[in-house]
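See the structures that follow.
What follows is chain A paired twice: with chain B in the first complex and chain C in the second.
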Partner chain A sequence: MPRPGFVLDVDRSTPPILFHHGEGFRLEKLPADRSRIIYPAEPLEPLDDIEGSIRRALLNPIGDQKPLPELLFPGMRLTIAFDDISLPLPQMKSPDIRQRVIEQVLDHAAAAGVDDVHLIAALALHRRMTEDELRHAVGDRVYEAFAPSGALYNHDAEDPDNLVEVGTTDKGEIVEINKRAAESDLLIYVNINLVAMDGGWKSTAIGLASYKSIKYHHNVHTMRHSTSFMDREKSELHSSTWRMGHVLRDAGINIFQIETTMNNNVFGTEGPMSVLQKREWEWNPRDRATFLAMKAGLDRMPARSKRKVFQSWRAPHQMTSVQAGEVEAVHEITTANVYAQHLVPVEGQTDIMTMGLPYIGPYNVNSILNPILVMCLGLGYFFNLYKGRPLVRQGGVLIMSHPTPWEFHPVHHPSYIDFFEQVLADTTDPKVIEETYEKQFAEDDWYRHLYRTSYAYHGVHPFYMWYWGAHALEHLGRVIVVGGNEKAVRRLGFQPASTLTDALEMASDVVGRDASITHFHNPPVLMADVT
Partner chain B sequence: MSANGGRPSDRKSLPVSGKTLLALAKAAAPSPKSVARSLPFPLRPGTVPVGVEPKREPSKFGANYDTDWARSYPARAARVLLLEGVLRPSMTLLAAPILRGVDRLDDLDGPAIFAPNHHSHIDTPLLLSVIPEPWRHHIFVAAAADYFFGNRITATASALAMGAIPFERTKISRRSSDEAAGLINDGWSFLIFPEGGRSPDGWGQPFRGGAAYLSLKCEVPVVPVYVGGTTRILRKGKRLPRPSITRVVFGRPMWPHEDEDSRRFALRIENEVSALGDEGRNDWYQARKRAHAGETPSMRGPQAGDWRRHWDLGDRSPIRRRQKRTWPNLGD
Partner chain C sequence: MKALVFHRNVPKYAAAMVAGSLLPGSGAKVGPLRLEDVDIPDLPGPDWRYVKPRLTGICGSDLSTIDGTSSRYFDPIVSFPFTPGHEIVADLVDAGAESKKAEPDGTNRVVIEPVLGCVTRNISPVCGACAAGDLGNCEHIAFGDLQPGLQCGFCADTGGGWSTMMVAHPSQIHDVPATMSDEAAVMVEPAACAVHGALAAGICAGDTVVVLGSGTLGLLTMAAVRRYTRAGTVIAVAKHPVQRHFASDLGADVVVEPGELPRAVRRVTGTMALGDGTITRLTGGADVVIDCVGSEASLADSLAVVKPRGRITMVGMPGRVEVDLTGLWQREINLVGAYAYGTETVTDDRGEAERRRTFDLAFELVQANDLGRLVSATYPLGRYSDAMIHAAAAGSRGSVKIAFDLRGEKERGRL
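On to the complex of A and B.
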């Protein structure tokens, strides 16, 4: 029986605590009697019979939707869209959940004699997936059956010939999505719900949308009014997406949504990485020796090699639920299943929140976690992993640990480089950035060309990363980065510190000397349910 | 005048040669057998009385060969060394296997019966080198008792190198199946070619019920496997292998349905291997469509005359075409 997450009050006997630090680790002693640590739950038990569970889900849909075999007929146009490289994190061991689901869906389609099938990686404004990445997601069998004939491809949010305006919401938001998906007799979406923000109408209304449509919710106003965007009921991002989803539904697009959840088994229970998933006082001699050896090795390894080692890690995530049918009915159950793994009850807010940022976020798979993505991971994702109230109080301090290298992947993140060099050199205010610079980057022909033909994120993507942290920037009194590149940290508008002790000392200027501290022990992923 | 031309004879000529003398001496010396026969009873065995049927000791070879020693730890260690150090590199060079469907075994826990089609002697070493862990080093193979266990040398080599046990292919043998069932129950996986022998013409043969029977008896799944391209390396009747590319497609583990007997289960396994063959030669989705429509091309080939069966093999024909010459060979 997996143990639930819990909050540990730090006293003098508490051992030093693990902080992820990019492609490395730090062990930090937190001040006794005023610190607490939020630990994630242990990985939930996976489904016993994954293939059988998928089969049952397809045959017994939830909500107002028919069983999959009844929706398939010869001569139809079938489109299967699936989540892109940003999910799950890290990439999971083969076979990927998407492969398992898509193979069963296609088996039904084959039984019905469906010839016209397209598979689309729903990547919105993310970079295109490479052949290897697509093969990993859908499996060799599916890839080889569809890719050679051009029926398996990446969505292109800038292809005017393959986008269609479906309608407008009552708030005037234009809904424009992939033409093939919109004009199919059936659109099947295969999702992986890693965190509570994933899935639902976000899958189709964002994943298959164009910049023209996405800009209505990926903006500073929406993000500041999403408290948090991990909590759909309080997320303006989701409200907008749901409105767009209703436009899709009302336009008669038949969507069969398949959502899956996975446990937070990121580092496994065996092997050298398993120590990262254990609570520090439960490290046995072998774990301690492994950790010391791993840390010593990583400290001496060149950054490039470390990145290669970590990026090649395939997590042993396992599926905990699969449900299919009508989008909203399915998503209700999915969200409950995600919460069952992630939610940890926490009493009250804190003055100082500490976190160790790992090597990976949604936008640097097989890539570099550049300074903008460091900001997005800390202030966007980790800060927003709350329900109820933010874990840190208004005007509090966020201390995050990451090397924050002044380094960018030139193929994946070309517009990030210019954003960092030009935009952030001028201002870090999201509102000013949005008003002054967004249009110029979003409509830049060179960035558009790289997005469409190379493997680059869309020109506007670094802006969205900055907006992702807009709520936190507005909420926090100060952000301190421990162990980061000083110049890069200052460019982000944050304060650099060499050690956690220094950072706490600097924080005391804002929140006083006896400020309460809460460490967010993540990953594996957890979500604070703050009362 | 003497007959030799008047010269006096200075030596006496021998009536027979030295070689002949040696042979005579050898013949005169008693052989160990004759010595043994000349010994009195009980120093020699008693003579079988006339009219009494002599008792025949069963042969230690063929189906009776005891392979228990081949599963001792030293033998297993030697087999691992042989497999990883010799067999796998050799197969990579010779057969360059392209693997498909290994991920279908991810949910498989415990022993299984691997049931591939059979075209060549290469099939066994090829499969032993590509079946993934943890089954690869904990597997035994059904080998024809009359072919692989006929004498001490082949029997020892088969048991040691392949972990083989003798299987009767001409009759149903309780000993073979009991031995296999015992090993499966002990946690060993089993590699058996349900066709019973190599394809004589490049087409498949009907699957027999051995794999299905053991699956029902031991309650373990059958993993259907398609092996393609090995006829080009070493088809039946050839002695020297020639390098070529092969494909191995693993299917999902299959369990017998409720009330399904071994004959029907064997037919289902055969159909699944046919579908995997279709998948290996074409693409997965087209193969699934044909499978659902009941149009999967049979491995057994058309029921037609020899030339048409050969014609229909197409690219799968085991006979290699000679390389085309751009210019005639005029000789030098």
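On to the complex of A and C.
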């Protein structure tokens, strides 16, 4: 029986605590008697029979939707859209969940005599997936059957010939999505729900949308009114997306949503990485030796080599649930299953929140976690992993640990470089950034060209990363980065500190000397349910 | 009188070159520059006047000379030994031998326009360039009554500003308004270079302009571009915080570090680029680039960011450089120089053109932008080695213009 997540009060006997630090780690001693640590739950038991569970889900849909075989008929246009490279994190060991689901869907389609099938990576404004990445997601068999004929491809949010305006929400939000998906007799969406934000109408209304449509919710106002965007009931991002989803539904687009959840088994139970999933006071001598050896090796390794080692890691996380049918009904169950793995009850807010940022976030798979993505991972994702109230109080301090190199992947993040060099050199105010610079970057022909033909994130994407942290920027009194490149950290508008002790000293200027401290022990993923 | 004197001395010149390559500015310690007691120069003609420098700037071209990196091109158009210094605000000594001994009271201050054209050389008729007012293009800078020398500060007969006394022809003398500080006045000569460079750049209304380099000349050029042209977006390239501050303050819309220039030009112009996220080449570029550095790297950068049929104006003094000109050929780029000053054609808001002396425009520019604040530090002549090292590293030491302050020199009152 996996143990639930819990909160540990730090006393003098508490050992040094693991902080992820990019492609490395730090062990930090937290001050006794005023610190606590939130640990994630242990990995939930995976489904015993994954293939059988998928089969049953397809045949027993939830909500107002028919079983999949009843939706398939000869001569129909079938489109299968699936989550892109940003999910799951890290990439999972083969076979990927998407492959398992898509193979069964295609078996049903073949049985029904459906031969007009397209598979689309629903990447919205993310970078296109490479052949290797697509093969990993859908499997070689599916790739070989569809890619050579052009029936398996990446969504293109800038292709005017392949987008269609479906309608407008009652708030005036234009809904424009992939034309093939919108005009199919059936649109099947294959999702991986890593965190509570994922899935639901977000899959189709964002994953298959254009910039013209996405800009209605990916903006500073929406993000500041999403408290948090991980909590759908309090997320303006989701309210907007749900409105858009209803436009899709009301336009008669028949969507069969397949959602899956995964357990927290990121680092496994064997091998050197498994120590990262254990609680520090339970480390045995072998764990300690393994960790120290791993850390020493990483500390000596060139950054590029370390990145290669970590990015090649395939996590053993496994499916804990699969449900299919009508979008909202499916998503209710999905969200409950995500919460079952991630939610940890926490009593009260804290003055100082600490976190160690790992090597990976949704937008740097096989890439570099550049400074803007560091900001997004810390202030966007980790800060927002709460229900109820933010873990840190209004005006509190966030301390995050990451090397924050002034380094960018030029192929994946070309507009990020310009955002960092030009926009952040001018201002870090999300609202000013949005008003002054977004349009220029979003409509830049070169970024558009690279997004469409290479493997670049859309020109506007760094703006969204900054907006993702807008709620935190407004909420926090100070952000301090431990062990980061000083120049890069300052460009982000944050304060650099060389040690956690220094950072706590700096934080005392804002929250006083006896401030409470809460360490967010993530990854594996957890979500604080703050009362 | 006291003067820094630069002698023709090949071994010392070689030593300066080595020292300067190790620590810029340090050629002053080992090279041919010496602080000496010298005779007051004779007046070259009846109209000439004595002037007592108050402040004299250290220019990039001076540093090249001191560190032995300036081009052999100058050999036939300078005469040795000479006293450097051509950015000069001075006291005009009253006519008559007796009066020059008195300590001036600072009420008759002048700025020297150092170019030694036909008139100063007593050549008549003057050459075509001088007749047109384009003194910097004088065809007689090695002829006439004076020894060769493109400017005072490089001519054995006139002396230079790094001394307590020199001579000037009336055509070189510009009165300094009483309200103008010495620090502002010493910026007039380099400001004139900047005004000429900005106007030589052929900037049209709305053009995207790159000002490459934000040392003294770059910053002044930035100010001149803003005052005397109708440029659109102006991008400044600045290495150091103090330079970034002033570049922005003087009118740059975008200030970037050297390595960021191609991306900045691409962003501003919206041009396409070759390269998969890393820019290997822009397909378009800036309308105009003004190179205020004059190095191999700056010329290469200029060629990389100017648009096809665009214009590069070299305002900073170059030397021997190796650069790939294939792009200049294929993109039909105009590469022109802009040296010194003379007379400019300026167009007002109504589109009416008038010819004005560059120095007059420079006076206006300095006063309008309070450019005396760019003078960051001054040194007495005796500390010339320190002054050169400071000037050569001005940006990294948070400075812009370094000058000699002659106002406190003892010999000044005894002359």
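Rule of thumb we're sticking to: the second predicted complex is superposed on the first by the 531 of 531 C-alpha atoms of A that agree within 3 Å, B and C clash if a C-alpha of one lies under 4 Å from a C-alpha of the other, contacts with A are read in each partner's own complex, and residues count from 1 in each chain.
As a convention for this text, contacts are C-beta pairs under 8 Å (C-beta built on N, C-alpha and C of every residue); 3 or more make two chains touch, one makes a residue touch a chain.
A quick note: this is a predicted structure, and the numbers were derived from the prediction, not measured.
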After lining up the shared chain so the two structures overlap, which partner does A:D140 touch, if you call chain B first and chain C second: first, second, both or neither? first
Figure out whether A:L473 sits in contact with chain B (first) or chain C (second), or with both, or with neither. neither
A:H449 in the overlay: touching chain B, chain C, both, or neither? Say first, second, both or neither. second
For A:E421, select first, second, both or neither according to whether it touches chain B, chain C, the two together, or no partner. second
One more residue to check, A:I102. First (chain B), second (chain C), both or neither? neither
Quick one: is A:A111 in contact with chain B, with chain C, with both, or with neither? Answer first, second, both or neither. first
Shared contact residues on chain A - chain B and chain C: none
Tell me, which parts of chain A touch chain B in their complex? 50-51, 94-95, 99, 106-107, 110-111, 113, 117, 139-142, 144-146, 148
Taking the complex as given, what residues does chain C use to touch chain A? 254, 256, 260, 263-264, 266-267, 270-273, 275-278
Within the complex, which stretch of chain B touches chain A? 100-101, 103, 106-107, 252, 279, 283-286, 288-289, 291-293
With touch defined as at the start, can you tell me which chain A residues reach chain C in the complex? 409-414, 417-418, 421-422, 440, 444-446, 449-450, 454, 456
